């Protein structure tokens, strides 16, 4: 009951947030200078041609009525037509979404592994040099954003020691048998390990760049709450039961220390997804972020709207998911 | 040799000179119930922690030995020590509200030591846990096994912790002020429960408390701790008849008479405290407390 | 039970070194930025196609006077980095300060006045948090047109929430304390109490956030230059240099490495300075 009420409340605020995002984006981009229609037409097009096309895209109407038309379309699943490619925005966006999702999820997984390992090693060696080293590494990782880590990784593993690909999503000469956009998962499902390795080799550096700040945050927060948990009575009691320190940390302390970390990781994961925009650009990775920057440069209004709204939906969706997971994992809330 | 023998144990906070415990010696024989009495800050909990190998990381053993069932615990590698302690000793903690893991169900918290350390199969461990919960007078033990700690009252949780302490049939249980955090009405039941369990299982008990009234009801012998030193070690009967040490006499006078709970309270007189402090300082030379 | 074995002395000393090193680098950068027109060895805009892609001085094929080499158009990398520092620091200073002023004011108002003010500002923060910040900034630059002012406006518009969120929470915590109530009882008005009682207590946090924000502003400027939306492409910006270096990475690594290293150290310094100040201000956090 409690869970359902939390869910409905959060759903309502999410809807308000998304509506706010939609309104802001819609009106902000209507102020964009430069006529996007004129950019589409070949040189020598007449005034009448421009007017006709402007009317076709509905850009001749007043901004509020354009908004109403757009909202009607969105509610019916129609996000408009891209001005540059003349394809439906929804198709374009959904076509690129899997690439960005795969990248974000891969980065998240790496971040959890790296950050979790750092936290556990730091807790195991608390008070020693090892914890100090982990603190310094975490501090460095947090001080510098993903954009710079990406460039450094390109230098290290693309130029100095070229073991990974530094641009694209897959080697262009390879034949792709895929029917979905989820290359990483589909190559595994089809047991095409050669393709899978090629894709991983393309994704690893951007994913690492994206995950470094998040990994550091997980490492820091989880270590801190682990250390606090290690002083609690039930942990001490489990030591008297004959368990080793590793068991005590993993079985007794970790499940309770994870909860406070989880909420913050949720927010940080949305930052990670936001980071895909520039990281995809940096690694020429064919995802939503790259599409978004192109759309802005080309003044492709319907496409920009669609992408920003999708990003906002993902952000709020992740936050909603985290809140629900938190409620579901915490037995005190669940039975409260 | 008694089942538990602590000899000349001295502890201090790492890097600091004053000692938390100074050459403490005490013993608990098989099946004996010994009280460890002292005011808060006297170091009585530290003795229990040192025996069970759960001293805070900031505290180190300066010297001394802890013998459990003929083995010198402090001379062993840490993991072997934990195994021995886990198999032969157990703790009844002070605060039942914080001593159960909030994210795990009750059942596994009682059986985990049986399954993981003693290698029992799960079904046997669970039926053992059910029997123990019944023994500590919990109604509907099957339901309690599946519950989370926050669904149960403080008294229930203390019963569970007692059952859990007896799960592996330890030869020694350290009870660290097990009733202090409970309601006065529940305290008496819990005491009776611990005493009954101890008698039925024949377990030795080191009962850490500041309550002399409890001592007179439950224990056979007692050690009085003051400022990190054992100032008196006597059978309970002798102690209440004629405490030998000045601090013990003062402590006894400050306790409501167990025969006369309504009687007047006499605080420990300042002169006695000063005298004891001077004595302690003379014995050690570094105490500034 | 407190962990006393942490070796607090060591941590303290490390924090001190951190503050000094980052302060030293930023100080150096300020001096270079101020004196760039006089101390830069070459004109940062001068192109010379015959001197294109010269390597730095220790590599064979370098030309004297071009210490860190040249880019594909023959522009001196060192001079461009020096002049780039002017733009980076200008953006950091102005954008950081304005963002801090706006965000802290809104945060204070929301956290102290509560009520509908808080509702409106909190909802705005929620909406802002739903935007991917990089995309948002690119979008704003597209709307505002390229240029230094646009970058500064974009940073302020996007990042005020960083201040607002933290200061709001702090103001709420401070507002619940007794001394605030007693100030109110003493007859001071709401705004008076806010400025005289709450503000001094959240000021250290504002200073820390400000330092961090300056580092972020430098990065945002670099990112926008990187996607070619900053000020004109000729102007020597670190991000623009990095973008060129990235595209010619296999021909002339130095065009990427030197501006990247400069940017890295600068961002690291701002952030370490902020963290160091946080430790200094907050006695609870060791």
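By letter and in written order, the chains are A, B and C; residue numbering begins at 1 in each of them.
Following the convention adopted for this analysis, a residue touches a chain if its C-beta (ideal position, glycine included) is under 8 Å from a C-beta of that chain, and two chains touch if they have at least 3 such contacts.
All values derive from a computational prediction rather than experimental measurement.
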Computing the C-alpha centre of each chain, which chain sits at the greatest distance from chain C? B
May I ask which two chains are joined by the most contacting C-beta pairs? A-C
Chain nearest the overall Cα centroid: A
Once you find the CA centre of chain B and the CA centre of chain C, what distance in Å lies between them? 56
Geometric centre distance via CA averages, chain C-chain A, whole Å: 23
Where the CA atoms of chain A average out and where those of chain B average out, how many Å apart are those spots? 53
For chain A, what residues touch not just one other chain but two or more? 126-127
Any chance you could list the residues of chain B touching two or more other chains? 57
Pull out every residue in chain C that's touching 2 or more other chains. 1, 3, 5
Which residues, counting only chain C, touch chain A once they are in their complex? 1, 3, 5-7, 10, 14, 123-124, 126-127, 129-136, 138-140, 142-143, 145, 215-216, 219, 222-223, 226-229, 242, 246, 249-250, 253, 256-257, 260, 263-264, 267-268, 271-272, 275
Tell me, which parts of chain A touch chain C in their complex? 13, 16-18, 20-21, 24-25, 28-29, 31-33, 126-127, 132, 136, 139-140, 142-145, 147-148, 151-152, 154-155, 158-159, 227, 231, 267, 270-271, 273-275, 277-278, 281-282, 289, 292-293, 296-297, 299, 304, 307-308, 311-312, 315-316
Hey, which residues of chain A end up touching chain B in the complex? 126-127, 232-234, 236-244, 247, 252, 255-256, 330-332, 335
Give the list of chain B residues in touch with chain A in this complex. 52-54, 57, 79, 82-87, 89-91, 93-95, 98-104, 112-113, 116-117, 148, 150-151, 161
